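Right, I'll just put the structure down here and ask away after.
As written, the chains take the letters A, B, C, D and E, and residue 1 is the first residue of each chain.
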Amino acid sequence: MFFAIPNWLLPAPTDIFHEAVNGWDSYAHHLLSTSNLAVVGFVIGVSVGLVVSISLHLLPSVRQAVYPLLILSQNIPIIVLAPLLVIWFGFGVLPKIIIITLVCFFPIVVATLDGFRQTSPDLMHYMRMAGASKSQLFRKLEIPHALPSIFSGLKIAATYSVMGAVISEWLGANKGIGVYMTLAQSSFRTDRVFVAIVFIMILCLIFFAIIIGLEKVMLKGRRGKDE
Amino acid sequence: MFFAIPNWLLPAPTDIFHEAVNGWDSYAHHLLSTSNLAVVGFVIGVSVGLVVSISLHLLPSVRQAVYPLLILSQNIPIIVLAPLLVIWFGFGVLPKIIIITLVCFFPIVVATLDGFRQTSPDLMHYMRMAGASKSQLFRKLEIPHALPSIFSGLKIAATYSVMGAVISEWLGANKGIGVYMTLAQSSFRTDRVFVAIVFIMILCLIFFAIIIGLEKVMLKGRRGKDE
Amino acid sequence: MSELIAESITKSFADKQILQNVSFTVKEGEFVALLGPSGSGKSTIFHLIGGMSRPDEGTFSLDGKDITGQRGMISYTPQNPSLFPWRTIIQNVVLGAEIQKKPDYQTAQEMLEKAGLKGYENAYPYQLSGGMQQRVAFVRALLSPQDFICLDEPFSALDEFTRLEMQQWLLNIWQENKKSILFVTHNIEEALYLADRLLILSNNPATIKYDFSLPFVRPRDENLFLTEEFLQWKRKIYQALQENNHIPS
Amino acid sequence: MSELIAESITKSFADKQILQNVSFTVKEGEFVALLGPSGSGKSTIFHLIGGMSRPDEGTFSLDGKDITGQRGMISYTPQNPSLFPWRTIIQNVVLGAEIQKKPDYQTAQEMLEKAGLKGYENAYPYQLSGGMQQRVAFVRALLSPQDFICLDEPFSALDEFTRLEMQQWLLNIWQENKKSILFVTHNIEEALYLADRLLILSNNPATIKYDFSLPFVRPRDENLFLTEEFLQWKRKIYQALQENNHIPS
Amino acid sequence: ANSQDGTEESEQNTKEEVTMVLDWTPNTNHTGIYVAQDQGYFEEAGLDVEITLPGESGADQVVASGQAEFGISAQEQVTEARTQDIPLVSVAAVIQHNTSGFASPVDKNITSPADFVGKTYGGWGAPVESAVIDSLMKQEGASVKDVNIVNMGNTDFFTAIERDVDFAWIYYGWDGIQAELRDIDLNMLYLTDYSEKLDYYTPVITTNETMIDENPETIKKFIGAVSKGYQYAIDNPDEAADILIEAVPDLDEELVRASQEWLSPKYQAEAKQWGVQDAEVWKNYADWMYSNNLLDTELDADAAFTNEFLPENE
């Protein structure tokens, strides 16, 4: 039963490949547009996430009050947010970036804050005794100590950023892989839908690989668990 | 300009409150249905996430191969998955739970695996010398050590589970807060849309609070950073 | 009751050779002390016995059985206490036992009292002083069921008197149960007071340079420190160690 | 060049009183040793001087200035080395200096060589033995710019000879720069060899029970250990400590 | 796409920018607009039109709020919107008659509303659906109570009929044509065949009341151009299909051509002019909705639409 799926619902890989090769000219610009959106959104989302988590970390009293709001921000359905964003910011790139930012920043905040919280008490103790200022404590101890957690958050965010970009295009866009996919879907071109998915996945894997590469470089020299 | 928003687009809080009180009977069962879905989906998603991450952790060779697939699983747009799920599983509750599971399990996997990776080498050393079996190492050291990370993942997953349930209802459901919201939206009852959002948020906060409470209990006695 | 034989153990880290052809025996019920310069490879020997990694060459056998690379055959105090921060003190001390069989909280309680830690059973490690943590790690090793005990500087953070009490207590336990003990220390008097035999490690790469059998009768008490024979031995060991007398690099 | 005065310091953890009315002075350029039973409160005194928490009562002043609860006024070796696992050895030793001003890698390099750690500059802490890590923490404290140094059992993991070299080196640095030093140790000989004055802490709760001024002339060398005067002092301190002779609880 | 305040300058030489928001992805309902764009009718009228896809939430709110000048909607939505005081006005009917109906594969044997009994209907959960089905079935003495209604969410027609669904509500001009192309034989029960009151306008072109008050000229120019576009599509279905395909190359060519072929004659049908709307149609449907409890208040039908912007009949 699982394999009795009509071709128009789940096209054969060869069909998908064929369409991917032949259709390149027609979707290359969509791809570019979505990657741009995803990269910009990811960078902004991560920056916002880091700034927010650092601020909350440095202002523990604010943290209590703001944390629930962050959770809430993840629960505003896009179909509600979409008209508001469009009305405030039009059909341009800004509302889309807001959506991606909203998707990316939350995993960063949760992971980073948890990273800060787990800072080794012994090292913290040494730094305090040595008279480290709050900013030194932060730069020399808390940040490097939280780095693995931050990367954990970055990985989740990177994974979501491409999908976030695709979703943001449903806000109303004239190009982008999300638009391409909706058009394909509504004109029943399932092969194209799958081409779109394949590229979304490739984009996402590239993003993820970049983060892993960065992690390798930045955490170089840290002791692996088997050494 | 920001505040020149007509009432039918962003209703006044009093209107929302009014509708929330008066309409209770009409949406209470939707609410119940969605909470059920979210809880079941969350529990299954978290279980799957834990099982997957534990398996990957214990089978590092499989890990390399499977990890990219996990990332990909987060990048299958629901609009593509939906028809397949419907064909395979119909319009019942199963495909919806699959969607929520898909949303919830990923943050758990990433956070848990990163938690395992950070196990203290000194304690690991002691356990090995003491002849701990793989399972003891796991139960007595790796799990307790990864607990804060796991909770970090649980928090993200809990946040997403309610939204995941709402999205899953777009797959076709006869009740649920997602259905209620879509209908309200299409008949321009923005006040009801916002009632739905408010309840989605409340549900989500309750979930989050439960996780935080659980974390407090399970991590009790662990040294806070200021002690 | 167990006899450990180390045969021509060689070990390098990266391109640096640490141990070269190290051979020794710890007989059944024997108490052997291991001395050597800082960084020479004493802890490394322990890690190899414990099976943390395999020697590049050579074998360990316990009671005639090859245990090279096998774990869980010895009970052990690491050089730093390595207590589990999320476990209370009593939960920490039973850990070694827990891994092998059902832990005995009754005995654990008594042992903690003997180690001067009464009232700290339910404290967490961070609430203890350095010396107290070291005693917890020591009690944990004593409560482990294995008959061969490796102790890596277990008393280095203790004051003279607490240290003496611990030493005396260790001797009692050792005599009662006839466990075999391999003991790393930097304190010559401690080594002389406790051990039957005394191994001295050279440096760079480390080999066993001396293997002294000590003639002091048992049971021993504090008066031993004042005997002429003890002082002579102390001088002798001092000189043996002095031959390594350059800062290791 | 700095003078520390501790005035009637009292401190409790939860319901347990640790320090009661502890007062002492470390004069400009003075080398003071602090002895006391394990768990009596020596490290706690350091933490209070360092401003980690405030005493329940009492004040510290440095050069007449109240520094109670203020951080960064002293340089310090913690009882466990507390090295930063993601920093190489050379990056670790400059950390204390880095916090106050621009670090001097040249001097750091020389200091590491003197501590027998040449060739380990770019190693990570986990690649070092226990004693080597302790030396790194010691070098880190010496490289910190403050004039008042608190050392918490800095040599406990070193063999006799490495320890002697480190002691001698510490004395040289201290004499050259006339820093003031407060030094915790469990080794009576070490305390006698290094210090001008010797404070003995009682237990439960801790107070300063004795404050001995040592008459040995400087510069001191290893021959001091063999003098009759030294042996007498050793016995005296031993007895003073013995009055605490029960396992603390 | 902000024109309200830039009108004065743009009237002199620069073109006036307006935004047109579609109701869904581009399809043959929108051909006239794309033709007007391609053939330069907008340009001639001094307009610079941006055609935008609506995204998740549809065009109505965006148009009503003035963020976009024009949009595509349907009579049913405009009716609901207006009874909620949302200032949306229909200015042209794209198709004269309702081309939607209940479709089912022939092997389900659904040839009249009475056959719905015992079958499964796949819908999206709106109250209007059961009301429509019921009014069809009543004519044959049956009741919607005997129909099993499931919500199929965003699932498309072809997927749904693979599974538990027996019949669904589709636009013949798109899904129906696709079925033809796939050689799936459908039984189609058009709403218009069973009830006059259900022959409402879908889709329609909308604007908001502010536009009507402040920029009637712009509307006139826009509708004039669009009207020419649809006239072109009526006269030249093949060329019109080409234009749509060229403008939106990601659409399926075959489907567009077939659909255009089918739809072109239906834009104007028997009406005297493309786009005209009849007050009766608006009244009938609103009354039907009201009597079926689908509206909270009655509609002021005359305010909901206007023909005043249609070009004078030549």
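Please note the rule applied: a contact is a pair of C-beta atoms (placed from the backbone, for glycine too) under 8 Å apart; a residue touches a chain by one contact, two chains touch by 3 or more.
These are the chains along with the protein names UniProt gives them: C, D = ABC-type nitrate/sulfonate/bicarbonate transport system ATPase subunit.
Keep in mind it's a predicted model, so treat the numbers as computed, not measured.
Student: Both subunit A and subunit D are touched by which chains?
Tutor: none
Student: If every step must land on a chain the current one touches, say how few steps get you from subunit B to subunit E.
Tutor: 1
Student: Which chain's mean C-alpha position is the greatest distance from subunit D's?
Tutor: So the chain farthest away from subunit D turns out to be E.
Student: Any idea if subunit C and subunit D meet via the same residues, over half in common, or different ones?
Tutor: Shared-number fraction above one half, so same.
Student: Between A-E and B-C, which chain pair is linked by more C-beta pairs in contact?
Tutor: A-E
Student: Measuring centre to centre with CA averages, how many angstrom lie between subunit A and subunit E?
Tutor: Chain centres of subunit A and subunit E, defined by C-alpha means, are spaced 37 Å apart.
Student: Rounded to the nearest whole Å, what is the centre-to-centre distance of subunit B and subunit C, using the mean of the C-alpha atoms as each centre?
Tutor: Result: the chain centres lie 50 Å from each other.
Student: Just how far, in Å, is the C-alpha centre of subunit D from the one of subunit C?
Tutor: Roughly 27 Å separates the two chain centres.
Student: How far is the middle of subunit B from the middle of subunit D, if each middle is the mean of its Cα atoms, in Å?
Tutor: The computed centroid separation for subunit B versus subunit D comes out at 52 Å.
Student: Hey, what residues on subunit A touch two or more of the other chains?
Tutor: 9, 79, 83, 87, 121, 182, 185, 223, 227
Student: Hey, what residues on subunit D touch two or more of the other chains?
Tutor: 80, 126 - these are the residues of subunit D that touch more than one other chain.
Student: If you look at subunit E, which of its residues touch at least two other chains?
Tutor: Where subunit E meets two or more other chains at a single residue, that happens at 57, 61, 65, 156, 159, 162.
Student: Once you've mapped the touching chain pairs, tell me: line, ring, star, complete or other?
Tutor: Contact map by chain: other.
Student: Please list, in label order, each pair of chains that touches.
Tutor: All touching pairs, sorted by chain label, are A-B, A-D, A-E, B-C, B-E, C-D.
Student: Which residues of subunit A touch subunit E in their complex?
Tutor: 6, 8-9, 26-27, 78-79, 82-83, 86-87, 90-91, 169-174, 179-180, 182-189, 192
Student: For the complex, give me every residue of subunit A touching subunit D.
Tutor: Contacts found on subunit A: 122-123, 125-133, 136, 140-141, 144, 219, 221-223, 227.
Student: Can you list the residues on subunit C that touch subunit D in the complex?
Tutor: 13, 35-39, 42-44, 79-80, 115-119, 127-132, 135, 152-153, 156-163, 165, 186, 188, 238, 241-242, 244-245, 247-249
Student: Sort out for me which residues of subunit E touch subunit B in the complex.
Tutor: Where subunit E meets subunit B, its residues are 57-58, 60-61, 64-65, 77, 80-81, 84-86, 122, 124-127, 149-156, 159-160, 162-164.
Student: For the complex, which residues does subunit B have touching subunit A?
Tutor: Contact set of subunit B toward subunit A: 1-2, 5, 9-10, 68, 71-72, 74-77, 79-80, 83-84, 87-88, 106-107, 110-111, 114, 117-119, 121, 124, 148-149, 151-152, 155-156, 159-160, 162-163, 166, 181-182, 185, 193-194, 196-197, 200-201, 204-205, 208, 223, 225, 227.
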